[in-house]
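Below are two complexes that have chain A in common, paired first with chain B and then with chain C.
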Partner chain A sequence: MTDAAARLRRPLWLRIYLGITLLLFLAAAAFGLVFSPRDVTQGDLIRIMYAHVSVAWIAFVAVGLTAVFGALYLWRGKRRDDVLAVASGEMGLFFASLTIIGGMTYSRPTLNTFWTWDAKLTLTAIMVALMVGYFIVRGLIDDPVRRGRVSAVVAIVAAASLPFNYLAAEWFRTLHPAKSVALDGSGVTMDATMLAVLLFNTVVAGLVYLGFMIDRVRLGRVEAALEEERSLAATRPAPVGKEVVRV
Partner chain B sequence: MNDLHAVLWIARKDLLQEARSKAVTVATVFFSAVTLGVLAFAFGENPLLMREGAMGALWVALAFAGVISAAQSWQADLEDGALEALLAWPVPRAAVYLGKLLANWGLMTALGFVLLPLAGGLYGAAIGGNGETAPALVVAVLLGTIAAGTLGFALIAVFYAGLTANLRARESLLPVLMFPVVVPILLAAVRASNALVGSGDLDLAWAWLRLLVGFDLVYAVVCLVLFRFVVEA
Partner chain C sequence: MNRKWAYGLAGVAVLAVAGFMIFQALSTSLVYFILPNEHAADPAQYDGRRIRLGGIVTPGTIAFDERELQLTFLVTDGLVAYPVRHSGAPPELFKESTGVVVEGRFDDGTFVSDNVLVKHTEVYVAEGDHIDLELLRESLK
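Our next item is the complex of A and B:
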């Protein structure tokens, strides 16, 4: 299996990418911690916002993309879509958990409570629970085709709650602050420097997501190849040479 | 035979099966009554707490019973390859889902109508009125809330019960998967019921009821579209 071992090594370009992303991440943290002005009402606490909001946006993107790749898998039935969906799902669970941790860190000093059961927080907690369910289901099904289909369905149902989450701060009275950056074109109610820092943080969070995605997809392909090889070996009576199945 | 007939036939089959075995009826009625009793103990002897928690307890009892009902409706078909035969029927898979949904919704709504006076009596909650709204109207809206809430619940429960029907550990997996999804529905149903029972506040109840119907529609579309990927012959 020297071939598989070789495929497990991170290629040079990916290592360079991840290294640059790490440097950009440190730069983004420095922008938020040093260059951003203090907020009129929140003071230095506004610096937590850069980490929280950027991570939350990427969490939504990751969970949404899990559903998109899941839908593609249902449509085309290609194994690679399932591999992409899992990679994005793991990132979605990771970023959504970070969103909740960051939100609690931000909310304790500013709103004087770690947690409250309002619409936005509840829907985000539900999103984490749904993504955990996604991986529980995956762990319980051995047949790759069925596993891919069922987990894709779970991911799509999970993503169906995203629009509610996005609109929750407007529909309900909630402790969560309303959006300062509206996507409907009604404009931005935020200091220009602060907006620049926030957008830079979001781009870097997106680059972190992309880097982990690429690495996880690489691993997922090896996993899939190994699984296929094993199922072939199980159905075949005698070993026939050495073969590597590529996906 | 068109697809609507198929839906009605499957609903009829499930209800007939239930009328003969009474497995779901006995289990859900007894279980939800026990749940109401246990929650009453948990609230202690605080009459105010009991009164305000009455609708919450009702929906918890309905939710637990709904899981049993949905799981049983697939469980019965797993025996003797009945499910394979059902899926081999040349109708859309969504028709099978809709038929089972209809049967489950009917059972749960009936259970809700039975539990409502029980919960009211046990917890000392009365239909509130501020003198302006007629009690009959409040009761009618309350029954409508139960019907809309159990519809949303049955949509998700039947869908996920079908998904887990031939998986390992389905009994524990079903609640783990479906409860996060139904939380918004339960929340809206409890708030709407509370507004009606507490103060007879129709406006507040209406706001939550609208949200509840919105969730019902979204999940109805999602579940109907996705159901054919869920079951396999």
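Our next item is the complex of A and C:
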């Protein structure tokens, strides 16, 4: 147990990384809240956009990587891939929930509603529901191999909605505004300063994701090692000449 | 290894089919709002039904009765324009030439709305950029 506790102690480099990330996070918030210009139509409400959009992008990345690690686990069957998948999955659910909370905060004053069932919002809600399902499934299955496989399939299904979600406002009629930044570089319909603030916020959200990932993977490895130890102990025959006390 | 490839290919195929079906379902049944010209093409289909109508607020047609809290304007898609009557105050970002989605039903050629949603564009412009130019021009006159 003390061994596990020692392994869970954060090394210095990680503490420095998390500290710097926290400072950058404060800087990103300051950029959005203070240095960003006001928008012509939205005024100060534009400031909510930086938090909402950056978090949403990272939520997509996190859910996508959960499926990638899940697929790797299905392919190679290595426990470390499952550890990575579950860490990314927790971040995915966390960031996706934040996306919905931030989206509601942003859309009430701008679009005049907290929620509406348009294609983009519906797809996001389905994704969150699937990620909740991911953890319910994991909680229900005791066998680590089966748990990893079944939950990987759930993650892949959740990630399958991502391309539709990403292009929803282009493909379907939605209330949610379309993309302002095309990944193929074909067009940016956003003021240069606003774009810089948004990209900075996104990078910082990515650093937060990475920091939490590292921390969660370290925890996951200890978790996996303990689980293995226990299952080995359970199958090992009782030592001869000693009274085995079962509690 | 062969079994893995078989499972992998089957998985990809299933996902592709599922994705195609999701796309079909979303594009046909998840039409979030209809355009005025689509309504005009077949008004009987939407008769008395609660629908969402989407379009642009025609400039110069907004009227707001502050005492009765009645908002009226024309919503258009460039082809057909319909009068909209809404009981309530206009939303914060509601203005001329902005996109709106109104919820309600048609009553005698007028769309009676109980909810006005603003569909703002994905264009974000810093305040002051061109306003300053206008001011500059004004001050130079």
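We take it that the second predicted complex is superposed on the first by the 238 of 247 C-alpha atoms of A that agree within 3 Å, B and C clash if a C-alpha of one lies under 4 Å from a C-alpha of the other, contacts with A are read in each partner's own complex, and residues count from 1 in each chain.
One rule holds for everything that comes next: a contact is a pair of C-beta atoms (placed from the backbone, for glycine too) under 8 Å apart; a residue touches a chain by one contact, two chains touch by 3 or more.
As the structure is a computational prediction, the values presented were derived from the model and not from experiment.
Asks: Clash or fit: chain B against chain C, after overlaying the two structures on chain A?
Replies: Superposition result for chain B and chain C: clash.
Asks: Check whether A:W75 is in contact with chain B, with chain C, with both or with neither, and answer first, second, both or neither.
Replies: Once the two structures are laid over each other on A, A:W75 reaches chain C alone.
Asks: By the touch definition at the top of the document, which applies to A:S231: first (chain B), second (chain C), both, or neither?
Replies: So A:S231 meets neither chain B nor chain C here.
Asks: Answer with first, second, both or neither: which of chain B and chain C does A:D191 touch in the superposed model?
Replies: The answer is second: A:D191 touches chain C but not chain B.
Asks: Which partner does A:A160 contact after superposing on A: first (chain B), second (chain C), both, neither?
Replies: In the superposition, A:A160 touches chain B and chain C alike.
Asks: Is A:R146 contacted by the first partner chain B, the second partner chain C, both or neither?
Replies: first
Asks: Could you say whether A:S97 touches chain B, chain C, both of them, or neither, answering first, second, both or neither?
Replies: Neither partner.
Asks: In the three-chain superposition, say which chain, chain B or chain C, touches more residues of chain A.
Replies: Counted on chain A, the partner with more touching residues turns out to be C.
Asks: Quick one: is A:T122 in contact with chain B, with chain C, with both, or with neither? Answer first, second, both or neither.
Replies: A:T122 sits against chain B and chain C alike.
Asks: Is A:V137 touching anything from chain B or chain C once the two structures are fitted on A? First, second, both or neither.
Replies: In the superposition, A:V137 touches chain B alone.
Asks: For A:N112, select first, second, both or neither according to whether it touches chain B, chain C, the two together, or no partner.
Replies: A:N112: touches chain C, not chain B.
Asks: Looking at chain A, which of its residues have contacts with both chain B and chain C?
Replies: Chain A residues touching both partners: 74, 122, 156-157, 160-161, 164.
Asks: What residues on chain A touch chain C, complex-wise?
Replies: It comes out as residues 37-43, 46, 49, 74-75, 109-113, 116-119, 122, 156-157, 160-161, 163-164, 169, 171-175, 177-180, 189-191, 193-194.
Asks: Tell me, which parts of chain C touch chain A in their complex?
Replies: So the residues of chain C touching chain A come out as 4, 7-8, 11, 15, 18-19, 22-23, 26-27, 30-33, 54, 91-95, 98, 101, 115-129.
Asks: If we count contacts the way the header does, which residues on chain B are in touch with chain A in the complex?
Replies: Those residues of chain B that touch chain A are 159, 163, 167-169, 173, 176-177, 180-181, 183-184, 187, 218-219, 222-223, 226, 229-230, 232.
Asks: Tell me, which parts of chain A touch chain B in their complex?
Replies: Contacts found on chain A: 74, 122-123, 126, 129-130, 133, 136-137, 140-141, 146, 149-150, 152-154, 156-158, 160-161, 164.
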